[in-house]
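Two complexes, one shared chain (chain A), two partners (chain B, chain C).
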Partner chain A sequence: MTATKKSEQRSMNPTHTESSREEFEETPTWTAVVTVLGYAILSALGWLRDFLRNVGLEEKKTSHDPNPKDFVPLYQSYECFYTRNLYTRIRDVFNQPIASVAGAKVDVMERVSDDFNWTFKFSGKKIPSINLGSYNYLGFAENSGPCSNQAIKSIEKYGLTTSSTRHELGTQKYMVELETLMAKYLSVEDCIAFGMGFATNALNIPALAGKGDLIISDTLNHTSLILGARLSGAVIRKFNHNDMKDLETELRNAIIHGQPRTCRPWKKILIIVEGVYSMEGSLCKLPEIIALKKKYKAYLYVDEAHSIGAIGSHGRGVVDYWNVSPDDIDIHMGTFTKSFGSAGGYIAGKKSLIDHIRIHTHSGCYCPSMSAPIVYQIISALSIIMGLDGTNDGQKRIKQLARNVRYFRRQLVDMGFIVYGNDNSPVVPVMIFMPAKIAAVNREMLKRGCAVVTVGFPATALTESRVRFCLSAGHTKEMLDDALKAMDEVGHLVSLRYSKRNPPLRWNELNRTDYENEYFSC
Partner chain B sequence: MGSSMTRGDIESLATDFYDLLESFKHAPFYHISFEIFLVLAVIWLVFFRKPRAIEKKLTEREKQELIDEWQPEPLVPPVDPNHPALNVRVLDGIVGKTVEIDGKKSLNFATFNFLNFVGNSRISEKAIQAVQKYGVGSCGPRGFYGTIDIHLELEERLAKFFNCEEGIIYSYGFSTIASIIPAYSKRNDILFVDEGVHYAIQKGVEASRSHVKWFKHNDIQDLERLLAEQEVLDKKNPKKARTIRRFLIIEGLYVNYGDICPLPRMVELKYKYKYRIFIDESVSFGTIGQTGRGVTEYYDIDRQKIDLISSSLEYSIGSIGGFAVGSSFVVDHQRLSAQGYCFSASLPPLLAAAAIEALNIMEEQSTPLFETIMSKSKRLHKKLLSIKGYSVMGDEISPLKHLRLANALNTIGRLEEIVQFAQTRDITITVARYLTDEHLLPEPSIRLILNVEMTDEELEFLCTVLQEALVKVTS
Partner chain C sequence: MTLNDHPTFLRHKLSYTYKNCHWKTMLSYIRRFFKFIHWLYLQYLLNTALYMLEPWERLLFSTLLFAILSTALYSALVFLPHHVRSMIQFYS
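Right after this comes the complex of A and B.
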């Protein structure tokens, strides 16, 4: 087990009055040992239970293959070991269904299980909770208001789908409107939009890179980026998360030694990074990456799924936050799911790039174009953010989010929790390390009216389970206070105050006036 | 001078040899082991050591020169501004049975609107209600509060419709089958895939990294040949054969060809050669079968024998997304292993609500609706066959047909002319578009799609226009 790298970076950012810090405190050694011990005990128990099931002393609760026995088994037993023995124990904590709009408050449907999470029944009860798990950064997940009114009008005018692809009869006027507006928002030449964010990466990276190209990607990149890179046929190399020295070494080695075996020079090199990493809460070091990219003549692809709308003083993502020129990034990519309350993804950049993608994208020939209400939700959310609707609602939301982020994060840190990531990232991961606590934190927070997301292995490293808060502009100060109170109690109950830098404090021991002044003065 | 060994020489040689052996007996153990080690080392050096690759020991200056000299290619190659994808028709209205292009209304035979659910008022009403309850987006993946009760309802309804144990929905039709295949089939496994499958299946097969054996489109003999070959290999190494999973990937009704797969024989072979069947019924769901339940109903095959049926909500249902149904044993695995399910935001609730209402309509109208679409497809097929100069590909009951020019005149240019001419006569049709890196690029064709609400007069009109177009293009 490796302890997390301790990296602290102060960066002076011209768009913010304070410097922003990004830190990842080291895992306390004792905690790491106990965590691994916990997994070992769970695995040992798992082997014992598997043995009992195979021998027949315990009932096998998994479903059975309807095919005859002489078929090759569909799943190897060891592949499902984790699912059977670890995941099922805490299965009630994931896939929790909701019965309302996924806004700042949400109704979680209560599920009960009689057989330790193998099967669930709905009790019929709904638990109203503060929603700290959905990606709703600017609070556009609303079921009333200008955005949903526009969406409803568009259903009446256009129906739900064209049932045709972009290359055939699927290009409606509203698609052109969305793409033009998005290009204006990002200050680039052109933009193209797709119906699914995951597919935007998986279906378009193959159009940009191919055999003879090199893709250098951050180790913590999202699955869709990795799938797209694999499908492209290019060679993939990784560099340590946000480690600029490692990236430079990879670039130098790539150019000096060329392709493996033949040593031919690479046709082109593509660096893929994300704006905000959703599990770490870290921001990519964009100015340094751009400097490297220019020095070594590589191309840069930035996936702003979690940063567009949520970061930067005008909500324009990491480009806005770091105050770099949009032309320095070759391919801007992002999704509409998080900050715009809709669905889909986009790619933006120079017109020549977008024309090429229009011709070669897989979704141009084989996927229907976006649904009208989805597009109109984005268009109206964008108009609000850009201030084109004549109000300053957009700016208010952006400021509210920034204020919420700083308020929430600072109090968590001061209470003694280990919080990862950048001070300004709307994703706030708090470390819990031990596997049993993943379930405990989630259940206890739900009892106190907060719906949170807890994740463990394999979404994170083995010893780095965490609870990940996603803040929203829709959260009021009262909601945040309730959430902090709940976290304070749960942290005390389950012992989550691991930080060695800050002493463990209860919430009522914090200096409340300090925070309130800061909150209201932002 | 040739020296011959005298008897004395041989005797002295023998004595020396004998002395050597004696000395071995008396030598200390460490001495002997050291000698043996040296002998082994020499043998290894001579026969087994791989020659070490010559490492480039470049100077800093040389490295800097290499870096300075390297010139990458441009990010994208230059594009042809006349490419059809850059000059598409831009519409502004409902694309239903009729579509308005440049201010003129025309009959639409180009979009996958089989049951005319696009713009259906009941479906739109339900979608509007869903927006008023849930908003537009679902704001999260299924694992993190993106599972909405309406998703669970849709999954249950789909499973019930197909009489299967469980259903699972995806937010994009392309990602459905492209995520399903890699979730089950890994590097060591074998996929038997029909050559004519559509692009999403090809991408799923590529992502799985399994061994792929392509068999000729709808050719059962070719498939049996491949299966028999594999059986021979299995017999040679039965232990390994026990760890290789086999899958047959086919479509119910092929999008690229319009014909139906020979399913009964494939199910028979399943039990003989022990593979699992995954059918993609994107087009056959809601178009084939007495109650629209696809090829399994058409051939009257027990759905328990099919391991997984995947389909799309983007064609007959008139929504967006995809789904899969099957036994719990098979389907449940996708909830943790299918990338397009776990790592993507869930389907917007309004589209799920629309799909539920579409299913309601399908179940209410049931047999009359599907008998209508099948009989109209048959009638259209007959009419098209009667136009000399065209060759029609596709099954007679398939509402999706591919039209080509006969007599070696079939080129994209001529087909585009036919499409343009038809547009002037208020008929909208389209040339089928493909990417160039398809596994087996189909011949150019016009993809004709029948909408169930088309009247016989309208079908007659279509054929008249096609005939006129033919005359114009071939003259």
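Right after this comes the complex of A and C.
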């Protein structure tokens, strides 16, 4: 039955299943060796500096643990070593303050440091640059337009806060409106919204799972999901990223062997996956997970933080992309921070589930409810996306994002960079691998007018640092061309073209008309 | 000026631009060479992670690397002919 359903799905949506590839090219051997050598040199020099600091030849600039006798030290030793000796040297590329709305373009404030990044001073200059780091997928992060007008009007009507929790007097009329609208958008029975996206995961998984339950989660899940799972008290098992065979093995082992010491059957099994993984750019394989879940009678929790609004032909997330029925997923979760340009999170599903969550969630009695302008920003963004305001602005934004993603990704891959992830995901990670190149790429791109986010340890594995581009519907073709030209130059300067599958090409060697035809045709 | 002076004037002008063009391309070649050396130096700094380090640490590491490589090269130059000769003698 599942095989025929899959072929039906493929015939219904020929465009994305046949052309969407998901690739994770292997690290070239020589690159891995040089990366490890680089870390070895940095560690050796870090030891030397620590020795000089301990002996007294150099002053200690960090706050140091007093380490009284017979007490256990407060800080873990490797992470402190990493922070002092590796992170601080390139600290100027992380946490850069900005001075304008983080829309398609942003003004980055320039900082100078006299003592190698231990202290910073603002030079007063603002660098206008193309914003390739904000999760502004549909371009709603603007300070003018219908959404912000509605938000401002709502402050005049409702004030800023209810100063109360949901269980007390915090459920305003607009909360009910938001929840019904969101439930209609996702085609589910009911929905509940929370003030913080991270807290939606961390405070609601304990309400859904507890002692005697099993949580099977993907290795690359977000910290909020891991925190929620640990807080719940259930047993946690992991399966390899997007590996369906591993998931099936875990499920079978769990059902066969039962709970760890008593061998009793599990009370329930909850599979937690994400729609789009923000560090890899990969999509979860939803039809296969649903087939497994139905076969082994487990529950499924899908975290669509990055995929709601950004993926799918109507912007309804991975459910729309894979064209599965929304009733097959037990718990839909998502955030309003990314595509809707606001803040907060939601959980949606059957009415009985949401009624249970309304009573048992930790944020119901400990967190204040959402603020009026934030809710009205989401409501107006949602009505634009759904087309309820009468224009087709929503569909235009979704199509513009899809066009931008294909244009940008294809050119990067054809230039010879290693790009991870699915062809349709708006998150584009380009691998850098070496620690010194993290700083070099960020600084050179900023010099050329592109503000990018480069990530290293601990957000990624130690030897897999990357630069992550987040595309937006607000980016025009000229902005993308400028970004690609800058990346081409930086790629030549820093030698980032590692791919063995595609030959290294410069930007003006690519056949431009090919890409432009594709851009203007879809 | 007069018509008779035109060809010489033109020849002078042409020869001036021809020499200028020569000089300009030579300068651009030298510039490109220096840019290439700078690019190589940048690759050395990036691959060994010296790009992130302070100047005295770069000096320390580069001195150490130069000392090791020069010692290896010197030993090879001094001892290799004798070793190769004795190996040939041993095996023949």
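One rule holds in what follows: the second predicted complex is superposed on the first by the 488 of 522 C-alpha atoms of A that agree within 3 Å, B and C clash if a C-alpha of one lies under 4 Å from a C-alpha of the other, contacts with A are read in each partner's own complex, and residues count from 1 in each chain.
We adopt the following convention: contacts are C-beta pairs under 8 Å (C-beta built on N, C-alpha and C of every residue); 3 or more make two chains touch, one makes a residue touch a chain.
Source: prediction; values computed, not measured.
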{"item": "Touched partner set for A:435, first chain B, second chain C, both or neither", "value": "second"}
{"item": "Which of chain B and chain C A:112 touches, first, second, both or neither", "value": "neither"}
{"item": "Touched partner set for A:42, first chain B, second chain C, both or neither", "value": "second"}
{"item": "First, second, both or neither for A:52, with chain B first and chain C second", "value": "neither"}
{"item": "Touching partner for A:163 - first (chain B), second (chain C), both, neither", "value": "first"}
{"item": "First (chain B), second (chain C), both or neither touched by A:83", "value": "first"}
{"item": "Partner chain(s) touched by A:33 [first = chain B, second = chain C, both, neither]", "value": "neither"}
{"item": "Residues of chain A that touch chain C when the two form their complex", "value": "34, 37-39, 41-42, 45, 86, 89-90, 116, 434-437, 439-440, 493-495"}
{"item": "Chain A partner contacts - residues on chain C that touch it in the complex", "value": "39, 42-43, 45-54, 57, 61"}
{"item": "Chain A - residues contacting chain B, complex", "value": "62-68, 70-76, 83, 87, 94-103, 106, 108-109, 131, 133-136, 140-144, 147-148, 151-152, 155-173, 176, 195-199, 202-203, 208, 222-224, 227, 230-231, 252, 255-257, 265-269, 296-299, 330-331, 335-338, 340-343, 352-353, 355-360, 362-368, 371, 373-374, 377, 451, 453"}
{"item": "Touching residues on chain B, where the partner in the complex is chain A", "value": "56, 58, 63, 66-67, 70-73, 75-79, 81, 83-86, 88-96, 99, 108, 110-113, 118-120, 123-124, 127-128, 131-140, 142-149, 151-152, 165, 171-175, 178, 184, 198-200, 203, 206-207, 241-246, 271, 274, 276, 304, 307, 314-315, 318-320, 327-330, 332-333, 335-336, 339-340, 342-345, 348, 350-351, 354, 428, 430, 433-435"}
